[in-house]
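Think of it as A, B and C in the order they're written, each chain with its own count starting at 1.
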Amino acid sequence: MIPMHKLVLAATVAATPLIAASAAQAEGEKYILVSHAPDSDSWWNTVKNAIALAGEQMDVEVEYRNPPTGDLADMARIIEQAAASGPDGIITTLADYDVLSGPIRSAVDSGVDVIIMNSGSPDQARELGALMYVGQPEYDAGLAAGQRAKDDGVASFLCVNHYISSPASSERCQGFADGLGVDLGEQMIDSGQDPSEIKNRVQAYLSSNPDTDAVLALGPTSANPTLQALDETGLAGDIYFGTFDLGAEIVQGIKDGVIEWGIDQQPFLQAYLPVVVMTNYHRYGVLPGNNINSGPGFVTADALEMVEEFAGEYR
Amino acid sequence: MSDPLIQMKNIEKHFGSVIALAGVSVDIHAGECHCLLGDNGAGKSTFIKTLSGVHKPTKGEILFEGRDMHFADPRDAIAAGIATVHQHLAMIPLMSVSRNFFMGNEPVRKVGPFSFFDHDLANRTTMTEMEKMGIVLRGPDQAVGTLSGGERQTVAIARAVHFGARVLILDEPTSALGVRQTANVLATIDKVRKQGVAVVFITHNVRHAMAVGDRFTVLNRGRTYGTAKRGEITPEELQDMMAGGQELATLEGSLGTTV
Amino acid sequence: MADTPQLVMDERVKQISPMRRALIRPELGGIVGTVAVFIFFGLFAFDSGMFNSQGIMNWSVVSAQFMIIAVGACLLMIAGEFDLSVGSMIGFAGMMIAIFGVTLGWPMWIAILVTFALCVSIGALNGFIVVRTGLPSFIVTLAFLFILRGFTIFLPQTIERKTIIGGIREAAEGDWLANLFGGTIGKGFFTWMGEAGMIATFERGTREGQPVVDGIPMLIVWALGLVLVGHVLLTRTRFGNWIFAAGGDAEAARNSGVPVNRVKITMFMFTAFCATVFAACQVMEFGSAGADRGLLKEFEAIIAVVIGGALLTGGYGSVIGAALGALIFGVVQQGLFFAGVESSLFRVFLGVILLFAVILNTYIRRIITGER
């Protein structure tokens, strides 16, 4: 039930940002970035900052939208809605091809340009008629990391997969194995998401396979407990340890020399570049001829200064 | 005098080792108000539940129109014409008088394969029945919550009678009411009795009982000690029987007045 | 005292004014709110695309989604109970359709029917536990919120080693029952409107020249159908009276011979049915079932019902009101975006509306029951 006096309040709630938004509009292009991440996911803060920066630099309006609970069906509605509001372009993740392909294709067909970022693949982007894909192809990232480790003398490894249900996770491990030139075989474990469980499984694997050269974690969820596991077994600093993504503990680990490198997929670029690319495409008709790989960027002890300075903001 | 509608003979009810009723005998006649008096814990609610089919007696027999009475559950009792009006749990305040009146007995009108609540019939019946009882409603859709406590009791009684109650068990209908509302409820009891319904009026208030009662039975510690007719007994005697005589006399002495 | 005193109406009971009389109709709040919301967005978001064909379809579909689960939640709330497992039930039902229809390869109509039977039985179990134990339905259904969500993650992970099962659209191709959930109606009419230039058409791709909105989704048809059925059931049938009675005062209703337990269990089953309809429409439209579907939808349903004027304590409310509550919810959620409001402020807005609705409902309750 809404009595009339609530209308006044509604007007104030709505009008304040409305005025602010229209003032920033200069060149007129309007872009909407749609992500699949729930509100609680802090990783996407970097993305929000990146579009704010890109919007300011390119003089365009970029809006961030996401399903509050991470429900992909809600995300499909948001894409439909974004298309209905008639923007110049939509930048979206492609977390589930089945759910999102329909709305994205409709947006493309109704004349809105689309760039796929972060999740999805270059093939899927082409399939949907998107301009390009900006992200980190998981297999390639794993492969590059594997090659790097091979150069450092690694011959066997343990892949701590905390998200076995996602095909992308397994591709990272597979790429790493191929980079080393070894068979993945039993070297990937399903660690689950629980920190103490992850720790115990890593310890169990390492004690039954004492000749393991390296450990690969797929993100902070598995990297942080793995750090503890290595600490407790006295392997910290001794075993070759690399991980995907960054986080406070991972950065500290790199600093302490326990972690060799962290693979940064550089979400900043995933959000910043599409805005720049799309604006230039709309203004001057220029478009890069290929997809853009935002990662892998390797963060080692040498390059930590900037990472630390901008962690959570642009890194 | 006609034969009693219901005869309860030496009813006992045990719950494990607890003896709730230890020998209750009551005769209930059509067109009469039978007052059952008892203090708290005397076994009144067990008595009501036994009569209305919730409990089965451990010993003794209940005759309904001279035949042995066996009810599987309260619904059987309601179907046989034994209705209970509870002190608080009779009406739903948020619902209209008409919806309350027909709660559980909704009139239906068939339209093809579907049957619908016949609101017209329900509303008309409610208004006339309420008028008979002397309650003026703003409309049949007036919520019961806006009625006074006495009016709610009256609606509940009128409802029970409308749906064919021959025995009406009233559980402390006046205990939470003011003087004027009590008078209204007692007047309603009188009306109902004149229609030939047997009323079982359960109370611990002797004056309320004396106002409408035709017969009086006192329940004390799970037992009855015979039934007195109107005019055969004084309020003081009833009061004494209810409280077990001796102690109350002592108490009255110290208070210097009648309780 | 035995002589009959004249019964007259207490002169202190005032005749209530028509204004207050209108206020105690549960739908009134919803109607006023709906009008207010449309005026507001008409002023602030008229040119934003909110009222073009795509925009209208967008908020209509979102509102219809809320409506489907709000109808069930509304009747259950009037019957005096809550179901917090609605959101998990949506995820679970969708996943079961996917497992039966895709993984096990059953014909889609069998998969859908079995899922309905399964989910409605779980609803019955919910209700059975509540009436048998006498525990608050809040706790019992909270348990099912976790149990069902757990199965929704566990089953596909164990069977297919992933949490999203796709390929439902392909498996449902040409299935008669699947079309009842995922299809659209009025295709010809929309094509005509597109050709007549009344609605926009696709500018490129394989569907060039076709209208951007090609029909009314079955989701909306289901929503309107359920609202109609729910409304008639509640206000025009004997069972509807029992629903009010069961929620108003279960003990009093039992004393009057209302089968309260049966009513409550049936309402739990109906709520589960609505959640399953929601899930079936969703998986047929999107073609995949995910373990994260339906998160927090139980609260959205309850919020829509409360905005629509139902009392949280049961015994009072209206299906039309709940439907309007769902419409307000959907229009506000989507409209704030069109109006250019920062999306995180939506929650602020929602909280404010909810607070007003609850305060107003309590006030209405006082008017009805005469409490002070």
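Note that a contact is a pair of C-beta atoms (placed from the backbone, for glycine too) under 8 Å apart; a residue touches a chain by one contact, two chains touch by 3 or more.
Heads up on the chains, UniProt names are A = Sugar ABC transporter substrate-binding protein; B = ATP-binding cassette domain-containing protein; C = Xylose transport system permease protein XylH.
Bear in mind that the values here come from a model prediction, so they are computed numbers and not experimental data.
Visitor: So which chains count as neighbours of both chain B and chain C?
Guide: none
Visitor: If you tally C-beta pairs in contact for every chain pair, which pair wins? Let me know.
Guide: Here the largest contact count links A-C.
Visitor: Which chain has its C-alpha centroid farthest away from the centroid of chain C?
Guide: Of all the other chains, the one whose centre lies farthest from chain C is B.
Visitor: Of the chains present, which has its C-alpha mean closest to the combined C-alpha mean?
Guide: Nearest to the common C-alpha centre lies chain C.
Visitor: Measure off the straight-line distance from the CA centroid of chain B to the CA centroid of chain C, and report it in whole Å.
Guide: Those two chain centres are 44 Å apart.
Visitor: In angstrom, rounded to a whole number, how far apart do the mean CA points of chain A and chain B lie?
Guide: 73
Visitor: Mind checking the centre-to-centre distance between chain A and chain C? Centres are C-alpha means, answer in whole Å.
Guide: Comparing mean C-alpha positions, chain C is 34 Å from chain A.
Visitor: For chain C, which residues count as touching chain B in their complex?
Guide: These residues of chain C touch chain B: 1-2, 4-10, 13, 15-16, 24, 232, 235-238, 240-242, 244-245, 248-249, 251-253, 255-258, 311, 315-316, 365, 368-371.
Visitor: Looking at the complex, which residues from chain A come into contact with chain C?
Guide: Of all residues in chain A, those touching chain C are 1-4, 6-7, 9-11, 13-15, 17-18, 21-22, 39, 63-66, 68-73, 76-78, 80-81, 83-86, 96-99, 102, 105-106, 108-111, 129, 164-167.
Visitor: Where on chain B does chain C make contact in their complex?
Guide: On the chain B side, the touching residues are 75, 78, 84, 86, 89-95, 99, 102-106, 108, 114-117, 119, 133-136, 138, 143, 145-146, 148, 183-184, 186-187, 190-191, 211-212.
Visitor: Spell out the residues on chain C that touch chain A in their complex, using ranges where they run on.
Guide: Chain C reaches chain A through residues 28-30, 32-33, 36-37, 39-40, 44, 48-50, 52, 54-55, 57-59, 61-62, 157, 161-164, 166-169, 200, 202-208, 212, 282, 285-288, 290, 292-296, 307-309, 328, 334, 336-345, 347-349, 352-353, 356-357, 360-361.
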